[in-house]
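The structures come next, written out as structure tokens.
In what comes next, subunit A is part of two complexes: it sits with subunit B in the first one and with subunit C in the second one.
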Partner chain A sequence: MGSKTEALAKQFEKVFDDLELVIGWETGFDSLHATPAFIRQPSALGRLIWNPFCSHNLSGYLTKTLNATAQEDAKKIGICVKGCDSRSVVALIQEKFISRERLYIAGIPCRGTVDLRRLMRLKPSLKDVNTVHIEGNELAVETARQTHRFPLQDVLLRKCLQCRYPNPVLYDELIGEPLTPRVTEGQAPPFVDKLEAHSLEQRRVFWERELDRCIRCYACRNACPLCVCQDNCILESRMPKWLSQRSGMSEKFFFHMIHAVHLAGRCTECGECERVCPMEIPVALMKEKLNQVVKELLDYEAGLNPETQPPLLTFDPSETGI
Partner chain B sequence: MSGTAYITHNELTSALERLSKEMDVWIPVETGDKKWGIQFSKYQPGKAPLLERQSTTLPKKVLFPQVETLLRFCYQKDVEDRSRVTIDLKDLEDMAPAMVFGARPCDVRGFLTFDQVFLNGLHKDPYYAQRREKTLFATLVCETPDSACFCSSVGSGPADQAGSDLWIIPIEGGYLIESLNERGEKLLPKMGKEATQDQIESAQRFQEKAANERVGEGDLTRYVRAFEERFSDKAYWRDMVSKCISCGICTYVCPTCYCFTITDEMKELEGERLRSWDSCMFHQYTQEASGHNPRPTKFERYRNRVGHKFSYFPDKYNGMISCCGCGRCIRSCPVSVDIRQIVRQLKEEAGDCVST
Partner chain C sequence: MRIGVFVCRCGTNIANTVDTEAVANKALEYPDVTHATDYMYTCSEPGQQEIQQAIKEHALQGIVVAACSPRMHEATFRRAVEKAGLNRYMFEQANIREHCSWISSDIEANTRKAMDLVRMSVEKLRFNQPLFSSYVPINKRVLVIGGGVAGIQAALDCAEGGLDVVMVERESTIGGKMAKLDKTFPTIDCSSCILGPKMVDVAQNDNIHLYAYSEIDSVSGYIGNFKVGIRKKATYVDWDACTGCGLCTEKCPAKKCYDRFNEGLGTTTAINIPFPQAIPKKACIDADYCRYFTKGKCKVCQKLCPTSAIRFEMEDEIVTEEVGAIVVATGYDLFDDSVYGEYGGGHYPDVISAMQYERLLSAAGPTGGHIRRPSDGKAPKDIVWLSCIGSRDASVGRPYCSGICCMYIAKQATMTRDHLPDCNCYVSYMDIRAPGKNYDEFVRRAQEEYGVQYFRGRVGKIYPKGDRLIVQGADTLLGIQIEIEADLVVLATGIEPSDGARGLAEKLRISYDDYGFYMESHPKLRPVETNTAGVYLSGVCQGPKDIPASVGQGSAAAAKVQALFSRDTIETDPQVANVKEIACIGCGKCIDVCPFGAIQWKTLRDGSQKAQVLETVCQGCGLCNATCPPKAIQLQHCTDDQILAEVNALCG
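Let's turn to the complex of A and B:
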């Protein structure tokens, strides 16, 4: 993994003259936390890291912090993407929020990223990590004293356990060799199926219990690369005021339903909404279900090919049966 | 030492059970099945408090609920003359006495900021005042700081007693509860038997050790001017805040964030005036009626967050920092924005700063 970190820095060094900045990951406030890095000087490229703690999908910054559209004389924006992240980039290109020409994409084949809260539950005392990498079906976390090993099944983010796209679908340079997907195409998303096996009443109880914790911090919305309305989100509009300030179940449910439905046929399952939730609500499940429906009805998966037109973004007056 | 009581681990729930007959007892419990997070909930029979690590969300809601009804109103139309309308108002409902058991010094210290704003100014907030008056804090001496904690950097510490009524000190086999004031003292007999001399000494040793602990690097209390000097340094704020996603987590998990919005929510002739948490990270927070927004992007918004806590507030309230160093804004931040580093680097030469 160390070699991939180096390869990443080297690659950006080669092309830095054409770049305005590089968005990648660096070590955060402690050795367990990676954090997004915005690098504007080639001398700072050494800060870049790549390891299983680099869970953040950085593509949202392309629209929200930077204006990655085609502009005359503007330099390119360098960005690091995993397989799932690359699908968000594709979806943003399809929807014309960003321009392919403006990007330099370093694609990283990824074996999965860590759910820190699952890891902490298994080993609350874990700290001072020297290196972390994936070996076979285990996460190896090396501290000064010893190397801890955890089964991937127990520590990866939920989205990674059902990952079908470990390899970036769009890139300028691939850092490392392509990998075999953990889950093959055609295999149903196991978490949605597991939930669907329950009765309607049981699912209602499940969602009420989960959503009850929601504090309406809107992190799920803000972290979502495809939630492009941002400051103009109808949830916060004060005139008209669609959603009450009350914090009961109906408001929370309404909010999450609006979020999910706005992502139907657009969500690339990067799992950011779920990763960022401070209350550990499995909010991505709703979007995964909608994606299943879109796949069945329209045979479409979001964010795979920048040339195709997303079906829910087209309008054909002659269409029937909808 | 003032009054004491000793509770064994096994007796803890029965002590809480006794207290809960007289008041709402708020304890830290897991947020859900197999979850890492901890939140404060009202005690339910048999439920033991989780004291081994800091809670994700706060007991702030006990004194300052996320949503509260300030008043209920109902318009009455005159039967004879429909243009004559009177309003029935109901305000300020009585709240039950409460105790927060097992918060940490940083959680409780946050209310000192609230007190300045809601109690000590020109106007006293009756809603907050009532809850403050009726709520007791039994606070755990903290022995489990982590890499995001920095209470000592803001003038507090793991054994800070400010704002607490009772003190919970882990000792062999259970907890020693010590009263810090008269209203705390009154509750001691309901909590357990008086502690033995050995137990008192053991608790003292624990407390002294915690009091000598330094949590966090450096002193972050003298940055009023440094902030002012950095205010217009756009490159600084760009470098520090680029990764922020402008969500409300840092403000909602902050023990000192007290900003709120007020809305009238009505249906036909009846309605409620609600006060609910607001967040300076949100666009609407400073949106003016004209449509103009003086803080249009996350850069101005996050700068305000830093300024409020480390410059404007101490400037107004005799140097008091409105940050208690609990580290929740760092720990819960989806992208690990580190306010300590942003404040510390305010004093560094432009160009020497490393973006966080």
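Let's turn to the complex of A and C:
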């Protein structure tokens, strides 16, 4: 893994003259936590890291803090993306929030990233990590004293367990060799299918139990790279007033429904909403379900080709079966 | 807000199954309602006056009328409240007739539902805002699509009134189906003798600009200001130079081309003028058959043409015309009779369609007006007509009556007895539909004076025997099986909408029924209007009709256009989408989904991009509103808050 970190820094060094900024990951407040890095000096490129803790989808920063649409003479923005992250970049390009010309994309084939909460539940005492990497079906965490090994099934983020796109779909430079997807179609049913196997009543009970915990902190919305309304979110609008501040199941459910419906046919399943949820609600499941519907009805998967138009963002009178 | 509620009894239409007094009393409990009453006929003059008086007496700011469908009387009540000084959009109509009193006889349930409907209207009205129209000038030119008799009549009537008319015809000549007919029922007028002069009028009228051999490529804009792209298909002949002398058609070596005008009876040449009275009388090359286009060499016509009009390099050309109104008169096509395999249409040469028979009767047809059967050119001794081929038959997806077949069968049989007095004419019919002026008399004359033998029943199958055909069926009146040996069988093929009618409807944004006939705005009261303002219907494109009805509708459409153009400006509907710029995130999704191209980018002074609605183009469909993630784009008079208020009134 160390070699990929170095390759990443080296690649950006090569092209840094054309860049005004590199967005990647660096070690955070402790060795278990990666954090987004914004690097403006080539000398600081050494801070960049790549390891299974680098779970953040950085593409959201392109719209939320930077204006990454084409500007004359503006230098490019360098960004590190995993397979899932690259789909968000594609979707943002499709929707014209960012321009391809403004980006320099370093794509990293990824074997999966770690769900820290799962890891810490398995090994609460884990600290002072020297290196972390994936070996076969295991996560190897090397601390000063010993190397701990965990089965990937037990420590990866839920989205990584059903990953179909480990390789970036859009990049300028690929760092490392392409990987085989963990899940191909028809294999190991995704989580939606597992849930759908239950009766309607059981599913209602499931969602009531899950959503009951929602504190409407809107972290899921804020982390979503495709929640592009930013400061004009309908959830906080009083005119029109779709949602009150009342704290009840119907309001919580409605909030998540609005979020999911706004992402129908757009969600790239990066899982950020679920990763950042402080209440550990599997909120991405709703979006995965909608994506399944869009796939069935319109044969479309979000964020794969910057040239295509998402079907729910067009008007086509010849569309049938809807 | 001070709201007044008026519950209409509609005579007994509503009052019989809804307790209107209770609904009015209940309404007084709703928020902001300060006045509520019921009345016998709210739409009547005194009923309207009562509303106006109440507005003054109770200082009302908004009015709810619970009555019939808004489609019926919304305009009436809007005018009434406007006269009393309110903005016309401070009015809501609750439909407690079509949606309530008419659909159930349970008074208690109906009354409860009526109360809910009134409550929803009140809650919506509380969010209503005064809205104002703007005025835009009208371009007083009219486009007529289709050059059949219905389109010709509409074009001539418009031109007569001094309007500029643009006529677009898909074929290389106008005249449509009527030009193919020999005679017309019930007067046995010669079709081309009565249509011909009208066609000439089109050609000679300075106010009419004819695009023949052209199709509609695109339509944008709105009532008063349409922009239409017209595709002038390549004719490979310079029509400015062509004199219609016909030398090319005599010498063209590709002589075995499908003759569309003669319905495939006989052949024609690749360069062709469909018939002697064609308007415009210009030659046109069929590239599918032309030897130069299919084999790479020939150019005989080019060598011969005295005016050097042949242009093999010609390509389709798109021209743009701006018009204020559109009359659609695209007519019909004939049902494909080969669907009935048991009759052998398209399989046995002597089983032909009625339109083919029409060409056999015509003096300008392939047989010079002598009735000769296609297989061996012999004069037939026994002819059988089968009615309802592709009409009144749900099994082939055509449950409707084509309306004209009974009459043209009688005409063709009468004509046949005239031409060939020894020929036996048999007609198999389901019912005889002859409701027009002098129509039934005409059919009776065929039966009684011309000896045409009608039998009621359905033919089961037709099969050849020697050089003749055996027609097997049942006479259901006598209850016997019958078998007729015939020389010729004529299938009375029904009507279906023109090929391409649906595609054109999408371009014009008008609706069509399951079969592709265009939908009128109201089946009785607005039969020539469509639901797209400024687009009118004429002729069979709207539903099966005969010639007098098509001509009548052509004139009716022209009258509608004249009425529209009698004003200089048109009032826009303020019930359109509107962008709250402060909430617009400039994502442009509304621009992509708008079916009307009514939304464009607008750059603010700070350089940011926002959506902007062209209110004259917007049709108020609400797609943008549904798509906009921050709901910055709202449909006026149907805002999210207004709909949510209604939903909350019902479910809350």
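In the analysis below, the second predicted complex is superposed on the first by the 311 of 322 C-alpha atoms of A that agree within 3 Å, B and C clash if a C-alpha of one lies under 4 Å from a C-alpha of the other, contacts with A are read in each partner's own complex, and residues count from 1 in each chain.
As a working rule, contacts are C-beta pairs under 8 Å (C-beta built on N, C-alpha and C of every residue); 3 or more make two chains touch, one makes a residue touch a chain.
Nothing here was measured: the structure is a model prediction, and the numbers come from that model.
> Should the superposition on subunit A be reported as showing a clash between subunit B and subunit C, or a fit?
fit
> Touching A:Tyr300, do we find subunit B (first), subunit C (second), both, or neither?
neither
> I'd like to know which partner A:Phe38 touches here: subunit B for first, subunit C for second, both or neither.
The first partner, subunit B, only.
> Give one of first, second, both or neither to describe whether A:Phe254 is in contact with subunit B, with subunit C, with both, or with none.
It touches nothing on subunit B or subunit C.
> By the touch definition at the top of the document, which applies to A:Lys241: first (subunit B), second (subunit C), both, or neither?
Both partners, subunit B and subunit C.
> One more residue to check, A:Phe206. First (subunit B), second (subunit C), both or neither?
In the superposition, A:Phe206 touches no partner, neither subunit B nor subunit C.
> Let me test your reading of the model: by the given contact rule, A:Asp30 touches which partner, first (subunit B), second (subunit C), both or neither?
first
> Once the two complexes are aligned on chain A, which partner has more residues of subunit A within touching range, subunit B or subunit C?
More residues of subunit A are touched by B.
> Per the contact definition in the header, classify A:Phe191: touching subunit B only (first), subunit C only (second), both, or neither.
Touch status of A:Phe191: no partner.
> Quote the smallest CA-to-CA distance from subunit B to subunit C in the superposed model, rounded to whole Å.
Minimum C-alpha separation, subunit B to subunit C, in the superposed model is 6 Å.
> Identify the residues of subunit A that lie in both the subunit B contact region and the subunit C contact region.
In subunit A, positions 230, 241 sit in both the subunit B and subunit C interfaces.
> Within their complex, state which residues of subunit C touch subunit A.
506, 582-585, 587-589, 592-595, 623, 627, 629-632, 634, 639-641, 644
> For the complex, give me every residue of subunit A touching subunit B.
Within the complex, subunit A contacts subunit B at residues 28-30, 33-38, 44, 47, 56, 60-61, 64-65, 117-118, 120-121, 124, 127, 209-210, 213, 215-219, 221-223, 230-231, 236, 238, 241, 244-247, 272, 275-276, 278-280.
> Using the touch definition up top, name the residues of subunit A that touch subunit C in the complex.
For this pair, the touching residues of subunit A are 95-97, 228-230, 232-234, 237, 239-242, 262, 309, 312-315, 317-318.
> Across the complex, what residues on subunit B touch subunit A?
Contact set of subunit B toward subunit A: 31-32, 34-37, 39, 52-53, 56-57, 66-67, 146-148, 239, 242-243, 245-249, 252-253, 261, 263, 265, 274, 276, 279, 282-284, 287, 298, 330, 332, 334-338, 340-341, 354-356.
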